[in-house]
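Shared between the two complexes below is subunit A, which pairs with subunit B and subunit C, respectively.
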Partner chain A sequence: MINKKTSNKDDSKLKIGVFICRCGGNISDTVDIEKVKSNIDAEVVEEFENLCSINGKKNIRDNILNNKLDRVVIASCSPISHEKIFQDYVKPLNPYLMDMANLREQCSWVHDKDKSTAKAITLINASIEKVKKSHPVNPIVCQIPESVAIIGGGISGISAALSIAKTDVKTYIIEEKATIGGNMVKIGKVFSPVKIAEECSLCLLNPLINETVWEDNIEILTKTKVISGSRKSGTFSLLLEKSPRYIDDALCIACGKCNEVCPVKVLDDFNENMSYRKAIYKPFSQSYPDAYTIDMENCKKCGNCVKICKMNAINLEEEKELIPLNVGSVILATGHKLFNPKARPEYGYERYDEVITQNELARIMGVNGPTKGELKIPGSKKAPKRIVMVQCVGSRDEKPNAHKYCSKVCCMVALKNANIIKHKYPDTDVIICYTDMRTTGMYEKYYKHCQDNGIRLIRGRPGEIIKNQEDNLVVKVEDTLTREFVEIETDMVVLSLAIESSDGTREIAKQLDIGLTEDFFVKEAHPKIKPVATDVKGAFVCGTAQGPKDITESIMQANASAAKVFELIHKGIEIEPFIAEIDYELCNNCKECISRCKHKSIYIEDKEIFIDPMSCSGCGECLSVCKQSAITIQGNINEKIYATIKGMLKNKQKGEKKIIVFLDQIGYTAADNIGINRLQYPESIHIIKVHSVNRVTPDHIIYALKNGAEGVFIGEYPGDLMYDKVEKKINKLKKYAEKQGINPDRIQFSKVYIPYFTGLAQKFKIFDEKINSISN
Partner chain B sequence: MKVINLDETREKLSNKVLNNIKASHDLGLLRCVQCGMCTSVCPGAKHSNYNPRYMVEKVLENDEKIIENKDIWNCFYCYTCHSVCAVGNSPCEVNQILRQIAIDNGKEDEKLKYFASYGETFLDIGIGGMPKSFFMTLHEDIEGWLDFKAELEEIRKELSLGPIQMPQESIEEVRKLLNKMNFDKRVKRLKKEEKE
Partner chain C sequence: MKPIPDKNILLFKSCLISTEYPGVESSTKYVFDKLGIEYTIDHDQSCCTGLGHYSDVFDQESTTLIAARNFDIAIKNNHPNIVTMCATCYAINKKAAKLLNNNEKIREEINTVFKECYVDRKYEVDSIDPTENIFHVVEIIYNKKDKLKDLIKIELSDDLKIATHHACHYCKVFYNDTIGGVRDPNILDKLVESCNLKTVGWFNEKRTTCGAGFRQRFVNKDLSMKVSSEKLISLKDVDILIHMCPNCHMQFDRYQPYIAKKTDNTFKTMHINIMQLIAMMMGADIEKVVGLQTHTIPVNIKAIKNEDKWKKINKAKEKLERKKDKKL
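On to the complex of A and B.
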């Protein structure tokens, strides 16, 4: 009720209360509070020892109620530290009808006694003018659907799904293949850094698969792909394509009779194409769904399977199905693929049967593999006398078709497979040719364990693998530790291939407009402090879709992304209300704003343009391209900036110099740091905090310069998405200012960083001196 | 024991190599991790004591003795090390620069004389090429080599490539330039030394 009444009042009749905090001497030792009080024109001007205390709260509240105040100015510390507290203290007034004048960090802590009182009066006046133009606004609460789509059903996707589903949130696992399980089902054995032993990977994974299957909140969609998708105010609309299985998995009892009668034999990709399967098949015995499927590319449609199936589960004419799905969040768990060994012809993969990959070796060593776990040289029945492993194939390589990064897990994979071989075949000599052994943390213990078991290590990167006259493989390498050129005769070579981004990762990123790194892995919102978040709000990433990593790390990321999903779902998200809104009576659907938005916040639905409040930053870029002026930003920001400038320049004395400084959150924090560290800058500097530097228009700057400001300084953090735009805008403005008869040197654009406060103080000082030297 | 002094600067042999006009602008010399891939494919390393990885190591260690090391003259510019290097280094290029430094120091005529015939081709045809004196040996080693050489211009025409021979006036011009630099005299001197 109060809000409505006040917002309609004439500015000049608004009752404003100014509350000045002495801050236990922090402010009052430097600023003459009595003098400030006598120079402020407001309904109420009060001072307190500690305004942020509970007593302060009572005083503010009583004054608001007793004097029927419409607006409040808190003249105390920085809003960075106490804004939320004072927004609460001014209840029942709308929190956005209060403004803070920063008398501590940006006045008493940076200026001498004789300068700070006048500065304090100016800062309070600016806040008074600003609150006169403030509108009551309410935080926007976005509720997002309580459902999640997880793209990819490997160990990462399964882990994320289990974590989310257990909190009663509907979870969909969308898997392209006929079964969930991913790469982990193929690798045979795993080991953990603290255990000096290898364990069966399927025995660890299978219980998780079962749990996923039995969990009521999880729906598993196999043979399913996302074919298009978009995000609208917290809802992802996905269109899925489910390829036909040709066998009803609800009817199929996996008896295997169809498999027996199928006449078609094809290479089995579960065994890395080292064995055969039928055209009607189950990927592996524990696969889920526990049902057969038909590989229609190879099926001859003889009908044998249909005839023998007692359950009538087979329908060779089944067609693909399109499924629309709306969810609140998406987790990308699209995994990885391996470097193509054919891109390194010098290693002879394909030319020589005896040159294989670590994945192929894992299948050979697997008891459910092509040789039932017996180690044999491919193409022969003999066990190898020697195996040479070649590390860094496609990793740590600057050549155009390879990857500069380290694939992180290959050292451990090679050691593990070498150790398994050594354990089972102690007479087989295993040599690992490495560039550097990278066995960080506890993995180092496993490395030493492998050396104890007699695995040989040669520090050198082989350049070529050939065959000699005896038809043996020869690995050419320099033992760089002994400076010896070595030709190793061997009967088997295993290549440790680089981990690279999967096709699925690239496809889903394109469909949902999610950013990728230069290596085509999913890019995190910030690689250091915002792991698992992507540049699209509500979309998260885990596992090798984000970069090379092992199983444990993948599960940790999966759990982290699940936690991020809960954050969104729990009570929705409260958003600062200063974001863009569209007036549909004015909007003519020209779509200009869509491509201009760096935050990917604007989208089209049913031919109408929408702005997603979750990702809009309120930078105002869309406003400037809207020819219809159909976009507005709540909170009267434009007018508030004019009013603050006006307040800053009010009562300017003869010979006094005023420089207006616009800073965003980061720049303002840096400026506070100058005060916290008790450094000084000229008292001519008057800082205005803005939501986004992009909201400061050329008109604001020209207004300031024409109404008494000698200079304008704009500081922005270079990491801001709008930085380049603003820089260009300021350069253009300088030319315009020159035409208006204003010296362009009075305008300065500068980078700001939080830790670089000394530099910022210095920049203020230099700019102040530069303004002195300009005689216009 | 080797001591790395506190005031030792990076103004080193590696910088000298990187700043040499022959060095590619993005030569990965400082990124070398000594993996030895270059040595593993080097024909020179297989048949002699030359070791491209060791040579790079010495350059990075600022060991100027490598310039006078006779082994570096066993590289025959096949560029295999260059093509396999994972960090964008080119031991072959480094080698050429070291040799040039050795030549500039005026100490390597002994090694240089074997290249005199190649030098002659600049005077004969205006560009570097296979010296005529090698033709018969090549023909003995590679079947049909002379026929290929004879038909080269025809083959190039079929592939719509221009003639390999430079115009006579350009050859004259190159020769004139080289003579001004006393290149011809130097080649003659080396040629004589080679015969002796």
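On to the complex of A and C.
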């Protein structure tokens, strides 16, 4: 290809073509194109009315072919808007041998006539110097294995698995418990967003469980945990530990004879410990696998079950198994747990049997629950005449040992359970003590429906629940609407507990080095626009592992994470080539780079260090810590920055002032916005777009200051992972500059935001004035 | 847990303790000496303004000014660790230190007042850290609770029911600095345990305020007494309520007979400050150090030692009370 040949040429012999766009007057009305053309030294200098048109493409391509151009400079609008188009227009030239000089957003739109022409020449010269140092590089394509591990077999995990498996991708559901189904199997009824009714949750979930079981592409691993994991070049290597079931689920026909002869009774966690099960048990009738399992913690190994099992399915000596698993993506569907009610001693959960949780109430009301659906006061056989529900137990609480967030579903859960009670026991008085009722959208109709059914509401958070001298429960609460203190005598209290991150979420996040929020939920790559991606490429999240949400939302997120997995699997991913590479002849495995990489891209495998191209941002931080200089970044970026600085400072006139500004994609877009909004800034400002601000080294800055630049301005978006690093680096550099005899005030580091372009223009102006005062 | 000092301590005098229960201060000094805690008292120190501040007599600026003055005294005395015996002094000083450190305008205003009054005082930013320089005395003792165990000489009978009353301004204002729990406060319970005694732990209304509410006791007396009586009723079978704030102590000790009469109840609860209890358990003189003779409710505990002396004191007290009762 031509690329190989040209890259070996001497810089000065390179044939460069400069194409100037008039942009329908947007540029040419302000910039004197003729003057520019006569001041540019290049093989070809052409002007065109609309360079981005199809005719423009023909003109560029013909010139490249006829004049055997090695490099191209497009002097037109901002690369933010048209870079991809012109990378295509310069074919057959390598797209990275073209550079754009921004004559519109950062020249004709921000300066007036007499100033913009000189600026245009400078910008084009900078681009010419830059392309001279450009190397041809090709985008990197990564292919990842076509398989997915879903951690957690609740409604989120099941939904994601079904969605993925239907596209013929191998899917593994890894579930710690003896059955899939998660929390949804326990809650009895679910509220329906549109229908003003409660629906049977198991009737909705069971078909999905069946579908999951029948789907050939899904492999369900129950009683299985991830015990370690790592991610390299798009492949996750997981090590799974499968605990023994002690019963071969292929042989077990779930006849239940073993259960009859088992002498050990233990509390049944399916029923929130309100009933008993045997040590050999099936979690619930529809559980999957459709087989019994043994709770070895409680089993006495009497052997009764072994003797009675006609299928010979029981093996009390079964051992745990380690399973290695390599997959292309991981979906975290590790669910949630509930706030510990014991942390609120004032509500008496530990002291009084009659104080229960919403989940316990759901089991009591469940036809497959401990009372077969009959509402009874725990600890007695009587039906309650009054029930008080307490909302926000652990949620929306600023004090220590609580969560500041709203758990989002509890208002609806309380209304649902209250309504079920009202429906079955119309004479039972149900009072909900709430902070605010949050029943958004269609749920508001359900809320009204519940009020019509006679559910009473008191706005206030109970201070304490006590037993009076008659041994009755008393809820003490201030009705904040009437501002009266009320004491409600009641038979039962139901606490609506906050949703918390599960232990499983924290464990898997630690194993895969996935970031968590301050509340220990999985942190999204961006809370607004990347709601299911995590900070580890290829790892996604759905359901309550990411934060409190209801079933509908969990399923939506599950489907979204499935879609994200397809994106990765479908064609592999094309990555910009400016990423770090290791020279293994130089690398001495010191591992310094691993911890320095904020993007979690560097890992070690078989004692060798690797950089994952999928997550490397090309920030270059690893280069600075590598004592062996074993890491390089493709595309000759270092030299290109020097060359651009050189070009910007070329032909500097006496009395002229030049300030070099380094901005990355975000800062550059903000600077473009100044032009788009036709605001002005001093013509001394010369902006250089860099891949990452971190790639601008102290040497670059000192070079600029020693070779004619009066000032250097570095802008960085505070949300960038490298922000703190860059800020520290610049502060250090200022001290170094002082030693070099350079006034440190000539260097400025500043925050930039895309929408805050007026602020950036102002900062340019202030820095320009500051530079004036320094040189005077 | 935050770092807790055992030297350079300014024991911050409290108006209510000095006038109502001086035994708390003498007990604190006694316990500090036994535990080898280095402290001083500076008689230039003034009241924190607490009662006045919460009764709308002193505004925040005057309160902050007075705190700045007291801080300057502590610093110049080389005892910058301010340790209060009253929960209100604790919270007032913490808030003032926060304001002085974080609000430049207030700091300047206050330093201007010092200048205009020709006083040689100044508050330098961050010279007092609200978390690392201001403590309640229970925290100092809590830090030494293991050593404390070895110094206990007295035994009390096993059937005594002891409960704790944690002051609001210790638990409910600066949550993050509170030791021993905010939801289920128990720093006093732990200190009682260090004296080889047991508490009842959680009880109904454990976190309820004493009801004093500063001006509430005077301007909303019915409401104030209602709160206090609810708490007292929930404590009916408790023998001793342990306090850490003289205002709560006063509310219960002084008004218990009044509330009993008003609500037609009989209460047996005795009220002792935690420092009085510790000093007593270390064997301090009941009158000269612990100062139980200033209490309204006679403290009549069957201790293994000193029993006779108490009986004598309390008999005299009871006589006095009966006279007072008639007046009420």
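One rule holds in what follows: the second predicted complex is superposed on the first by the 775 of 776 C-alpha atoms of A that agree within 3 Å, B and C clash if a C-alpha of one lies under 4 Å from a C-alpha of the other, contacts with A are read in each partner's own complex, and residues count from 1 in each chain.
In the analysis below, contacts are C-beta pairs under 8 Å (C-beta built on N, C-alpha and C of every residue); 3 or more make two chains touch, one makes a residue touch a chain.
Only a predicted model underlies this, so the values are computations on that prediction, with no experimental measurement involved.
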* Asked: Since both structures carry subunit A, what do subunit B and subunit C do when superposed there: clash or fit?
  -> clash
* Touch check for A:Lys177: first (subunit B), second (subunit C), both, or neither? -> neither
* To do: Could you tell me if A:Lys189 is touching subunit B, subunit C, both of them or neither one (first, second, both, neither)?
  => neither
* Is A:Thr480 in contact with subunit B, with subunit C, with both, or with neither (first, second, both, neither)? -> first
* To do: Considering only the touch criterion stated at the top, classify A:Thr435 as touching first (subunit B), second (subunit C), both, or neither.
  => first
* To do: Tell me which partner A:Asn401 touches in the superposition: subunit B (first), subunit C (second), both or neither.
  => second
* Thinking of the overlay built on chain A, is A:Glu464 touched by subunit B (first), by subunit C (second), by both, or by neither? -> both
* Using the superposition on chain A described above, determine whether A:Ala343 touches subunit B (first), subunit C (second), both, or neither. => second
* Which partner, once the models are overlaid, touches more of subunit A's residues, subunit C or subunit B? -> B
* For the superposed three-chain model, which listed region of subunit C (1-9, 19-27 or 73-81) is the one that clashes with subunit B? -> 19-27
* Considering each complex separately, which residues of subunit A are in contact with subunit B in the first and with subunit C in the second? -> 346, 399, 402, 464
* **Sites on subunit C touched by subunit A in the complex** => 175-176, 178, 182-184, 202, 204-208, 234
* For subunit A, which residues are in contact with subunit B within the complex? -> 346, 392, 396-399, 402, 435-436, 459-464, 476-480, 483, 485
* Asked: Can you list the subunit A residues touching subunit C in their complex?
  -> 343-346, 351, 399-402, 464, 466-467
* Structure fact -> The subunit B residues in contact with subunit A across the complex are 28, 31, 33-41, 45-46, 51, 53-54, 80, 84, 86-88
